[in-house]
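In the two complexes that follow, chain A is the common piece, with chain B as its partner first and chain C second.
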Partner chain A sequence: MIDQQILQLTAAAMFFMGLAGLATTRNLVKAIMSFQVVLFGVNLALFSSGLGPNGPTMFSTALLVLSISIGASIEAFALSLVILVYRHYGTLNPWEIRRLRH
Partner chain B sequence: MGNQEASTLNNYYPEWLVWLLPLIAVVFVPVVSALGGKAREWFAALVVLLAAAFAVTLVPIALSGGSQLSMAWLPISGFRLQIRVDGLSVFLALIVNLLGFLIVLYSQGYMKRETGLTRYYCLVLLFIGSMTGLVMAGNLLQMYIFWELVGICSSFLIAFWYDRPEAVRAGLKAFIVTRVGDVGLLIGLILLYVNTGTFSFDALETMAGGGKIAGGILLASGLLILLGAMGKSAQFPLHVWLPDAMEGPTTVSALIHAATMVNAGVYLVARVTPIFGSSSIWLGVVAWVGIISAILGATMAGATLDVKRVLAYSTISQLGLMFLALGIGSPGGWFASQFHLMSQAAFKALGFLAAGSLIHLLGTRDMNEMGGLGRKMPVTFIAFFFSILAMSGVPPFIGFWSKDLIIAELHNAGDSTLFILALFVSVCTSFYAFRAFFKVFYRKQSDLVKSKQIHESPLAMAIPLGLLSIAVVTLWLVEGGASRLLGVVEPEAASPWIYAASLGALLIGFLPAYAMYLRQSPEPSQLVATHHWISATRNVLLDGYGFDRFYDRVFASTVTRLGSAVRLIQTGSLGKNMWGFLLFILIVALVVLAL
Partner chain C sequence: MAIELTILLSALLIGVTLSALLIKRLVYSLIMLFYSGLLLGCIFLAYGASYAGLFQIITFAGAVSVMFMVILMLIGGEPTPTGQRISREQVIGLGLSIAGFLVVASILWQFGPSPIPVEETVLARQMGFAADDPLSFLWSLRAWDIVFLVILVSAALAGILNLFSKEGEHE
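After this line comes the complex of A and B, so read on.
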């Protein structure tokens, strides 16, 4: 199925774009946006792999909804952490926040 | 047992609400606490009281044979939510919620000056709700979910004072040690599921009864599930977390030791006995794990100086006796274990709450710094005294009846080794119990006690103490009711010889404690100084038989070393880590393509 392949390639592309964004960004808010792109890529992959002959199956849809809602809550949590990080360090640059390393 | 399909909550309120209510209430604790501290405390107490009331309304259902509600859950995967209402589950639900209520009530006084009480009450409600959910679960998977919830709540509560390094360490230790058992449990129940296709206790019982499960699989999964129970119930060799768990607030210790956590393991073994009980190897392992833990706990309790540790070691030992009773494999032994569970829950809760009053007042847990407190705190004195009497098994206190049931069953089973070892545990129990009692309340007043303004605890703390004190004297009256509820024929009165043997053991343990710690002749410190073997034994016992050091050296240091090796690749900067991750994916992709 050519449709499924297109979806999967898009998903892979989104996944790597998101990772590249995470690797290069100097702003935590942008890092979360990149992370969101990764998650959407994963969700898309999940969706495409659950495609049956008559469109998406019930099981894959249920899993997809679950995955999306978990992703949303993770992002909300990450955003709240970013606010705390900003209050604590006064910066959003992840390269400068290395205190946990030591 | 009738099976009912419950598509909605309608008509089955108690079955659902007895465990759902505390879980739902967790969310509302922060909301209510906005109204003030008093509102939060009463809200928590009321919720647990309501849950206890629901548990009481389940008793008639359980008496009339029990029922099982089931409801589709994750319909695609075919799992079902099953709520099992039978004697065992209702019995445990009653213990959990009634004791939970008293402990929450007691918290009002004990935790008054603490901060972070919203967190405390959230966790306590979650703890009680999950424990009730655990006992009401009709299949292993559902039980496992609550099992993990109970575990995480207990470790968070042990580490309640998170600014104290020992408390955090103890919480982590409880989490990690029980995790060892939980991994076993998880593997065991997956093994069982793969081979039978069901998690439901009912179906598993029928299959095991009909010989449809291969013996090897049954034994392997039975032993793995037992490992989980040993972790939760602090049985040898996974008992090391329980004494350290004393770093938490005393109310938390009471919850863990009496109402929730440690009972889960005994409950699980009792629940799966119909499934695995046909194997004599499995029963033998249960019994021997029990008796070894009972001996270890009872001996260590005789040496420690920390009043809460005495109670903690005593819990290990009493739980060991319950495992021992389960390992007999007879219906009488099964009943004896559950009856002893109730009895232990009552007198251990009383012991902890009374010890909590002392600690609250003195600010120390060292028994050498106590002494001479008898006249000054009458309520606490009586409460602690009753708890000690019940613990050591003085008639007519509850501990006497329940321990005697176990000893009589051992005698009936005809295993003289286990019988004699159980009597030895009895001797040790009465020694350590009276030793703690004399050390705390008699002798001369210590400097610390003289320097403090001694006064009785506030009413919110005294009421639970009073109620529990009445309970440990009168609970033996419910033996007939408990056996009807659990669906076991009430055991006949044991022969007088059994009573004589257990009272003799009691006396043998009591006399040295009386001589050394009340009459002070011979003086315990002089005995240690003059007899080399006594001081050597004492050091081994104080060291906890070296389990901690052994685990530290073998497991903890290995993990730490591995950790510091892995730490080198943690750069601490997001960008660099991400490039590493990309590289990893690239390598994996290349390997996959090459294959």
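After this line comes the complex of A and C, so read on.
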């Protein structure tokens, strides 16, 4: 087994761990934390797919920097939405928010 | 790089991330997530991607962690509700995630990726790009992506600034 394969297995594990967290959590902040784990998995997959015999290629590194920036700004936006939701509904439980919406 | 170090870093990363997702208290979960970002940055640095590694550590282990901490202070760090019945949607989501991982892992196990040697430096010189700097390489190839990224970051900043504005508090 080579380095690239180990890193891609780790990336797959992180992606699906985050997905499972997103599916099972009852707290919006925890959901964003799970989204961050998904993002880590995606970034690691992107990095490991560009790993050649002489280290990472410049194109994969450049795309990785782009992906990190996009992920961080989406997360900041999601966190600000969470605060607005908390001020409006007084809870962070998505099931409760869905009940209060009607 | 030695394969033992890769296995050690990967195992640590999975363990820390799993504990971040399983711990009920949000503050401890956040601390574990901080270590997760740090370890991922260390993996990038260990393979020689210094730009990406440092950027990962500064962004996720630094800025995003601080932002999470501010959010937890604002909402009071309420713990994840426990003792509720597990719904059918949660079981389906968990099952689909485990099944998806098993499928992807079996594919990766059988058909491992083969590294393709790419003479990027020669290619970049032929196309007239700067071949020694990932950021200028990115700018040469994906300038529009970066412009839209700047718009996205501005939207996120505007959202956060709007959150802390005095006008919002009066409402």
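Here, the second predicted complex is superposed on the first by the 97 of 102 C-alpha atoms of A that agree within 3 Å, B and C clash if a C-alpha of one lies under 4 Å from a C-alpha of the other, contacts with A are read in each partner's own complex, and residues count from 1 in each chain.
Here is the rule we go by: a contact is a pair of C-beta atoms (placed from the backbone, for glycine too) under 8 Å apart; a residue touches a chain by one contact, two chains touch by 3 or more.
Remember, predicted model here, so these are calculated numbers, not experimental data.
S.K.: With both complexes overlaid on chain A, does A:F59 touch chain B (first), chain C (second), both or neither?
M.R.: Both: A:F59 reaches chain B and chain C.
S.K.: In the overlaid three-chain picture, which partner chain does A:L19 touch, first (chain B) or second (chain C), both, or neither?
M.R.: both
S.K.: Of the two partner chains, chain B (first) and chain C (second), which one does A:A31 touch, if any: first, second, both, or neither?
M.R.: first
S.K.: Between chain B and chain C, whom does A:L51 touch in the aligned arrangement: first, second, both, or neither?
M.R.: The second partner, chain C, only.
S.K.: May I ask you to name which of chain B and chain C touches more residues of chain A?
M.R.: Of chain B and chain C, C contacts more residues of chain A.
S.K.: For chain A, give the residues common to its interface with chain B and its interface with chain C.
M.R.: In chain A, residues 16, 19-20, 22-25, 58-59, 62, 95 are touched by chain B and also by chain C.
S.K.: Going by the contact rule set out above, which residues of chain B touch chain A in the complex?
M.R.: 76, 570-575, 578-579, 581-582, 585
S.K.: Within their complex, state which residues of chain C touch chain A.
M.R.: Listed in rising order, the residues are 1, 3, 6-7, 10, 13-14, 17-18, 20-21, 26, 29-30, 33, 36-37, 40, 43-44, 47-49, 51-52, 55-56, 59-60, 63-64, 67-68, 71-72, 74-75, 78, 80-81, 84, 86-87, 89-90, 92-94, 96-98, 100-101, 104-105, 108-109, 112-113, 115-118, 120, 124, 131, 134-135, 137-138, 141-142, 145-146, 149, 152-153, 155-157, 159-160, 162-163.
S.K.: Help me check something: in the complex, which residues belonging to chain A touch chain B?
M.R.: Within the complex, chain A contacts chain B at residues 16, 19-20, 22-25, 31, 58-59, 62, 94-95, 98, 100-102.
S.K.: Quick one: in the complex, what on chain A touches chain C?
M.R.: Touching chain C from chain A are residues 1-10, 12-27, 29-30, 32-34, 36-37, 40, 43-44, 47-49, 51-59, 61-66, 68-70, 72-77, 79-84, 86, 92-93, 95.
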